[in-house]
Structures are given as structure tokens and as C-alpha cells.
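In the two complexes that follow, subunit A is the common piece, with subunit B as its partner first and subunit C second.
Presenting the complex of A and B:
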């Protein structure tokens, strides 16, 4: 199982720009590296990430083999209303991880 | 990004220890690898939400609570809350083990409980599980000073001496000793790396070059490969003696596991 660490400020003022951090455990095997017997290791990467704020997409990105293992993303969004931020990573071999965090907007 | 004129002090140190084989940095001159990091790597280590080593700490926490082996017992079943029972433990390993008749490292100690108490097969060196349990335990000692275990247990002395001899012996096709780099040339550069004083304060650690978390033995292996010397098998007594000597050199410095290094 892949562990993820997400950081969302628990409280924010309406209209404030908040910083969000998302770190996930993944080998991000490029598909270009041979193993010790010279055979290429099959590609195994996360291909996309998105963040939904009360169901609305506020950040999304695609990922490629050149990204480091255990990708760490930092982005910002506008605190509009209290609710839930959902994080979704998808990738090769059916990789799919979901996490969520609450935010209280005053 | 620290640049400090060391010439004068270094000359003093050399003068003061003339006759000694190599000048060991005196307590005030000791620097952990952390202090030599650039600001971005420091920031990564300092923030538990950005430090990738924390992902393994989470793994270790889950393993700590999970029953295993034919005894069907979890580490937590006997040791309870690791924040209490494992506090300070990593700061005093390698420790003398009666059964082995020699020092063992934290990984070997964990495997003893795996085999004897949980009645489960030993975890392989560098396996994700063993590194996770080790880093979870080491994390409970964060910011605690490394103990002078040799002062408290005379039986460790010959192993400390053996570790020191390994550290000062020239070896490999490059014919260099550990001490030449880590005592005489620290703060200088080797390819893209700043050479540190080789203090084992942050293990298991996340190394960006490895793209993963690894043990102290993996690091020592890397240095031996760099010297084009023969490596020992994982778990070999030579690594434990070296680790004991490194911990003794670093006594008083704070544990920072999981450290992040370039």
C-alpha cells in the first residue's frame, strides 16, 4: 500500500490563498532502467493527480517518467467555503489512491 | 551554503594533536551532515509533511501495531506506545548482546524480537519492512543526544577499537581511508557532494540519490564501493563495529532520523 501525507490548513479565512502539500510513496520506475541482469524494468509511474474542493477540480497535473520517486506537490487554492479537499492519484498497473482533508472557512 | 574559514583552527587542532594518527574533530567542531545541507534540503528534512522518510515512519507505525508470526503478537502488544518504550533506544545502539557475545545494531535487535518473541521469520536487510520498523523506532529518539555507550559498557571496547581500525585503514583500489575523507577533507567537495564528518545521526535516512530510504549499512557500502574496496555482506560484524565507532565519534550529537541527504 502507498502512504500519502497531505497538508491542508485546518482553518482559513474566506478569500485567503492557502498552501496545500501532497506527498505520496511511489517508485516512479521510468521504464528505461535495466535491472542487474540487463533486462528493462517495466514502467510503473503515477500518471495523473487531481485535487477536488467540494467536488470542484482546483488543481490537476499529469506525471511523466522523468519525475522523481515519491512525488511531492505543492500548490495553492482560494479558501471559498468549509468542506472537504479530495486528492486522487492514478497510474500504471491500476494504481489508485484517494485521500481527503477537511478545511474550515470562516 | 555555509562557508567558514577553518585554516587557523585546523592548524591549531593539528598542532594540539601532533603525534596522533589523525585529528578527530573536537566536540565544538563536530558538524552533522545536516549542517552542510543546502537550504532546500534542510527545509525538506524539517517539514514532516515534505520529508519522504516520514512515509516509512508511517509504514513502521502500522507494522508496530500488526500481530505477526506464530506467536500472533504485535510489537505494540509487548512494548505498548513506542513514544514511551522506544524513546532514546536508537541513541544507544549498537549495544552489547549477551547471546551474540558482541554488539548488534538496531536492525539486528528488531529481528531478535521478530524471531524469538513473535516467532516470525527474520526480516531481510534493506527490506521495506525492516527499514520502516527501524526508522519508526529511530524517530522516537529525534533530537536526543547520542549516548556514549562504550563508557557505560566496557565489553564494547574491543569492538570500538576494531571499528576505529577499520575507519583509519587505507583500502580499496583508491587506497584511501574513511578518515582521510571524513576527518581531513570534510566541507570539501567530491563531485557534486560536500563531504561530511560521517556522523550517523540520521539513519535510516532518505537519500535523494537513492530515491528511497536506506540504512546506515547501505551508506557504508556506498562509501566502500566508492573506494573500490570489497564490501561486506549486509549484517556483517565489520559494519556493526564501524557503526559503533561512528556513534561513539558522534556522541552528544542529536539523532535526526529520518534525515534527508542529497
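Presenting the complex of A and C:
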């Protein structure tokens, strides 16, 4: 199981732009690297990520092997209403991790 | 004696073979242009009004921080729809494609990327009116990603 770290401000004013940081533990094996016996290691990467704000997608991305290991993303969203931010990572070999964070909007 | 001796020729051949063996299949600037064309289509790329921030010199190509900021009001009428990052010389030209919208509030994203060698990185912003912006930056990489053995 991969560890995911998320940073969402717990409180925000309505209409404020909040910064969100999402980090997840993953090797992001490119598929272009040989092991010590010269055989290419098979690709194993996270291919997509999305962030849902009370069910509505506010950020999504598609990743390629050129992403560094332990993909780290920083993005922004408008604090519209109190609720839950849900984070989903999916990748090769059935990789799937979900995390969520609460935000209180005043 | 002028010209190449047999020894020189053998040296060259061996050197060439080593170069070929060491360099894996790599994307070329042309491959990057093609990948950009696939996103942009026939639209024109306008440089400016966005910033791709990468360190000019990176000691470790395995993790190069990069930030893309696009000047935009981020309203329902005028916002950034997507930000794409491309590289010139990694095995593949694509790095990441991000989908944004007016709900983002601010068109500024950061991540960490891998670079196999010294090269130019290009960011493309797709605007809601159908236009495209671009900004490129050169990164000098001291130790490239991808090539070293597993520990």
C-alpha cells in the first residue's frame, strides 16, 4: 500500500483560492531502465490522477514515465463550499489509491 | 603517413559502437514537435503570458522541480483548460498533461520531473478560447535520470 500525503487548508473563506499539495509513494519505473543483468525493467507508473471537490472534478492529469518517483503535484482550487476533497491515483498493474480531506468554508 | 591507420579506424569503430550501445532510444526535438502538434493541432502557438520555471542547472535529473504559471483571470469565459509539459531528449516526449478549469481559481501548478540529459523543456497552455501559449526553458543536467543501474 502506498502512502499518500495531502495538504489542504482545513479552513478557507468562500471564494478564496486554496493551494493543494498531493504526494504519493511510488517508484514510477520508466520501462527504459535495465537492471544489473541488462534486462529492461517493466514499466510501472501512475498514469492518472484526479481531484474531486464534493464529487466535481477540479483537477486531473495524465502522467508519463518522465514524472519523478513519488509524484508530487501542487495545484489550486476555489473554496466554494464546505465538504470533501477526494484524490484518486490510478496506474499500471492495477494500482489504485484514494484519499480524502475535509475543508470547511466560511 | 597521412590519413587513417588501421588502428585509428578500429578505435573509431569501437567508439561508435560504445556510443550506440550507451544511448537508448531517445525522443528527438522533432518527436517533441510532433507530440506538441498532436495536442495543438493546426492552431498557432503564441509564446509569452505564461512562465515555465525550472532551475537552469540541475545536479540530479531524477527529480527536477518545475512550476508552470499562466496569466489568466480564470473566469468561466476566460480560463486555462489544460497545461502540458514536453521534453526534447527523454525516451518519450510527453511528461504530464493537466486538465484545469475555472474552478482552479489560479492557473499555477508545480511538479517534479525526470530529465535524461541537458535539454529544453516546453510547457503549453490551452486556453478556453482555443488559443495556445507556450514557454520553453533550457535545463543543464549534471547527472541524468534513467540510465543508472538499480541499486
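The rule is short, and it goes like this: the second predicted complex is superposed on the first by the 106 of 106 C-alpha atoms of A that agree within 3 Å, B and C clash if a C-alpha of one lies under 4 Å from a C-alpha of the other, contacts with A are read in each partner's own complex, and residues count from 1 in each chain.
Rule of thumb we're sticking to: a residue touches a chain if its C-beta (ideal position, glycine included) is under 8 Å from a C-beta of that chain, and two chains touch if they have at least 3 such contacts.
The shown structure was predicted, so the numbers you read here are calculated from the model rather than taken from an experiment.
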{"item": "Touched partner set for A:78, first subunit B, second subunit C, both or neither", "value": "second"}
{"item": "Touched partner set for A:42, first subunit B, second subunit C, both or neither", "value": "neither"}
{"item": "Partner chain in contact with A:34 - subunit B first, subunit C second, else both or neither", "value": "second"}
{"item": "Which superposed partner A:56 touches (first subunit B, second subunit C, both, neither)", "value": "second"}
{"item": "Comparison of subunit B and subunit C by subunit A residues contacted", "value": "C"}
{"item": "Subunit B versus subunit C as contact partner of A:69, first or second or both or neither", "value": "both"}
{"item": "Which of subunit B and subunit C A:10 touches, first, second, both or neither", "value": "neither"}
{"item": "Residues of subunit A that lie at the interface with subunit B and also at the interface with subunit C", "value": "68-69, 72"}
{"item": "Interfacial residue positions of subunit A with respect to subunit C in the complex", "value": "17-18, 30, 32-36, 41, 53, 56-69, 71-78, 80"}
{"item": "Footprint of subunit A on subunit B - complex, ascending", "value": "48-50, 52, 54-55, 58-59, 208, 211-212"}
{"item": "Subunit A-touching residues of subunit C, taken from the complex the two chains share", "value": "24-25, 62-64, 67, 87, 90-92, 94-101, 103-115, 145-150"}
{"item": "Touching residues (chain side subunit A, partner subunit B) in the complex", "value": "3-7, 21, 23-25, 27-28, 68-70, 72"}
